[in-house]
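One structure, pasted below without further comment.
First chain written, first letter: the chains are A, B, C and D, and each begins at residue 1.
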Amino acid sequence: MDKTKSLDEAVLLVQDGDTLALGGMTIYRRPVAFVHALITRDNPPQDLTLLAFTGGFASDLLVGAGLIRRSRTCYFGLETFGLAPMFTQAVREGRLEIIEESEASIACGLRATMAGVGFMPSRAWQGTDMLRVRPDVMTICDPYSDERLTAFPAIDCDVAVIHVLRADRSGNAVLGGNPTIDLELSMVAKRLILTAETVEDELPGPIDLPGLAVTAVVHAPRGAWPTSCYPAYPIDGEAILDYISACNAGQFSNYLLTSWIQ
Amino acid sequence: MDKTKSLDEAVLLVQDGDTLALGGMTIYRRPVAFVHALITRDNPPQDLTLLAFTGGFASDLLVGAGLIRRSRTCYFGLETFGLAPMFTQAVREGRLEIIEESEASIACGLRATMAGVGFMPSRAWQGTDMLRVRPDVMTICDPYSDERLTAFPAIDCDVAVIHVLRADRSGNAVLGGNPTIDLELSMVAKRLILTAETVEDELPGPIDLPGLAVTAVVHAPRGAWPTSCYPAYPIDGEAILDYISACNAGQFSNYLLTSWIQ
Amino acid sequence: MDYSIDELISVCISRQIEDHEVVAQGIATPLVAAGYLLAKMTHAPDVTFLSAIGQALCRDWAPLGVATIEELWIGRGLLTVSFVQAACDLLPRFGPKEFFRPGQVDPCGNFNNVYIGGSYETPRLRLPGSGGIPDVTVFEENVLLYVPRHGRHTFVEQLDFKSGLGHDTQRRAGRGPRYLVSDLGQFDFEPQSGRMRLISLHPGVTLRRVQAKTGFELLVSDKLLETVPPTERELKLLREAIDPLGVRTLETLSGAARRERLRALLQKERLQLSEGEFHADRHLF
Amino acid sequence: MDYSIDELISVCISRQIEDHEVVAQGIATPLVAAGYLLAKMTHAPDVTFLSAIGQALCRDWAPLGVATIEELWIGRGLLTVSFVQAACDLLPRFGPKEFFRPGQVDPCGNFNNVYIGGSYETPRLRLPGSGGIPDVTVFEENVLLYVPRHGRHTFVEQLDFKSGLGHDTQRRAGRGPRYLVSDLGQFDFEPQSGRMRLISLHPGVTLRRVQAKTGFELLVSDKLLETVPPTERELKLLREAIDPLGVRTLETLSGAARRERLRALLQKERLQLSEGEFHADRHLF
């Protein structure tokens, strides 16, 4: 089944109020071209919940552009390049609601959704302040040991966008590196969009993501820039530093308009 | 670290009362050479609990030799070759206790053990008779939906034996095919024994099982015979049929003594 | 063109498959494998297999084998997973269509693969066990059944053990079996009562014979049909491409007869192996 | 031989690693990566890395990079897993040794990577977040800390948020941090009270200075030592084999100074890339 679509068609799959998940990690294999097209489309979607293992460059663009109402990630920053400027500013100004997550809460939440149950139990968080800022996360009693456990709730996802190294027309894909949580995201998302460095007729196995649940495949060469797409290209560190400088100078909007040259 | 041992040394790692897990599946990549050496060692271990995703040829040998007190598998048979003769007879005669399992109960139980929690929740079994014969398996209430869920208890394992295609001296291994539950077994077992078609100094990645938790690596060429070791050799179907004929004729003990020729 | 009952069952199975579906296949079910492959080669080219053997999502396939059964799946997987991942994540998520072969089935499509007769502790006959049946039948929408040897020992008023959930009052999600094919006919389950209903007799089979071989009262459809026989193309594909050895015939036999057939198949398979027929695309060897 | 503070910290980290251990490394922690690699090249050749970047168990390694940081891990993995598997299965099972860099740390080794100042809803400074810290510190035995810039803003009497569990009355498994290294000295946690205790001053650092830069009362070991400086071999390995670019220096800088250093490193790295130095064993390119 040919699922290829243009970037302009694919960005219309994101709707107001959606939980939008981004694949990849921080500054590796992020769907940046998609995010840029989403921000610059006519009537960009509003009131989104961002879901990502880690928030990074692409997530910071979405926050800066005002599309995100709340964010659920276990880390949001630019790794060695420092804090994510628009995220940091939005939180300081109380303009971004954070659903505090950790690796375990995201991992357990995705497994719960896949299994079709409401939660997965874990030892994580007990004794920390995490439960205080997540009153919706319940503590349960292990019926075998009477131990208190954290019951991480299932995580829903309306639309996930994952940038991949290679895809075929039916949506089978090879990631290239950093599996992160992309397979699991691909399995819980109601709509699933792949952007890919190359699109082939049919990939031979083994692949990393099955095409079964894929809604759209978009050919987007250098679609992760300035984040990396291993092994096709490394991080464009200068571009990320330029972005930080622009934001620090209050020029986020200008950056989007004028600096988007690869 | 060189973890290689002889088969005779390795079988001493199984002790009376242990839960003994066998890797592979039914008639694929079973540690048959190990099982044969275990049965024929001086003072073979007694009162074992057998743990396997599926019981098959190797498990049937253990039951026939009287080493197994109770069995926990989601299937016990010889697939296309029919029922497992010694298992079927032992159950009919009330000589084997069965801890009834399914794919989900084993899978959830292993995940619970890895996570260090007492259980994993699942929709499985609700409405069937499985819970009736497993009164130890508790039903809990999902704190988010109030739905009744099955709380599959964590599964412990004293010693696991996994036959692999290739291993290195530190215990990194390539399975060859049928991952089944071998990675998870390797992570929950207190002692972990690999038997391997070939043992090399150091395997390059990627591998299927990390050597970290491995206790012993045993060089056992054709160690899965008459089950298969893909792609090195297929099932020896005639040998399995000969085994069934011997058992049907009441000649299990003779089979072990006289027919063990490859 | 003449055909055998195994071929008719595989053809019926094939006709229940729709294109683009995910279909799961258990162990020791060659009639199902043959049916799925036939569907793929005819009306459902984009079907994806979730294989118990090899634990993979597969698009490609090889002819059926006995000693070499792993060839059908291993090395052809798009995505290979552990059985833990399959049971916890993939099966619940993809809810594949799957054909099960019950040891016993009751009027409402509950079924049993655990034991028959006696007590649970000392059964007359212990069956291999339930595999993933009590896991997936409680939520799946696409459970189907097949019975290669229709008889009163299989179709019973009261199960000895309910390991597969049918159209049952205890059900909270999914639905009971949609369909059953035996060597005598095809069945669905009447929506109101959830009871098994004969919808099609295989050619040459009488209603009386089906009822006599069924241990409970059978509903019969107002529009009782005759099963459409296999086409020449279907038979040719089954015999020449999908299962030249004839592995599918094993499920219609039992005991000594089955073991005799197995020995013959193994010999034939070994001959083909030595002639390299099975090795042609086994790049891993 | 002269050395810089980043080198001393990496050497201290290296000396905390024992052979055959599994060590985990978070993101943006080059001092830790350099320390682990130094341990592997000296006294701990059989150490196994569990890498956040690449999500793999690794035995091999590459020199540190900035734009090419993935080279350190990807393609070198023995076993690559999803982060879901890592968080749910591998980390709890293997309980690796791990060095964390706290945003704030209290006298008992509880720590904070979530926010500093203001309120949770409108913090003065939002930090990136807790990663896996509140998951593993509640059960791990081998938590260690490092602070590249020792100051009263980091060592505080009272945390704004407790995301990492220390020697805390709420603890039910595992143990609080065993060790902390900063740019001023080395510390352990006194067994009875669980409070941070200075055990070693780095060469040239006074006790008075450490206390002045610590926002709570510090225990001091009866046997206060001076940190053994890096050996010539350790420095040579760090500078020539492990981190010729000098990525490890980034953690000792902040703000504009750090970004300046980053630009310089990126230029140098690009030069090396174009000269093929980094490509030598990149078979995937």
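The working rule: contacts are C-beta pairs under 8 Å (C-beta built on N, C-alpha and C of every residue); 3 or more make two chains touch, one makes a residue touch a chain.
Predicted model only: the values in this text are computed from it and were never measured.
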Where subunit B and subunit D overlap in contact partners, by chain label: A
Touching both subunit A and subunit C (chains): B
Approximate Å spacing (C-alpha centroids) for the pair subunit B, subunit C: 26
Rounded Å distance between subunit A and subunit B, as computed from the means of their C-alpha atoms: 39
Distance between chain centroids, defined by C-alpha means - subunit C, subunit D (Å): 56
Residue numbers of subunit A (touch at least two other chains): 111, 115-116, 120, 122-123, 147, 184
Residues of subunit D whose C-beta touches two or more other chains: 80, 88, 92, 139, 173
Every chain pair in contact, whichever chains are involved: A-B, A-C, A-D, B-C, B-D
Of subunit B, residues touching subunit D in the complex: 1, 111, 114-116, 170, 172, 184, 187-188, 205-210, 212
Subunit B-touching residues of subunit A, taken from the complex the two chains share: 115-123, 138, 140, 142-145, 147, 149, 151, 153-154
In the complex, subunit D residues that touch subunit B: 20, 22, 46, 48, 57-60, 76-80, 88-90, 92-94, 139, 173
Sites on subunit C touched by subunit B in the complex: 27-28, 30, 53-55, 65-70, 74-75, 80-84, 86-88, 91-92, 114-115, 118, 120-139, 161-165, 168, 170-173, 247, 250, 258-259, 262-263, 266, 273, 282, 284-285
Residue numbers on subunit B that touch subunit C, as the complex places them: 25-26, 28, 53-54, 73-77, 79-84, 87-88, 91-94, 98, 100-104, 106-108, 110-111, 120, 122-130, 133, 147-148, 177-184, 228, 230-231, 234-238, 241, 244-245
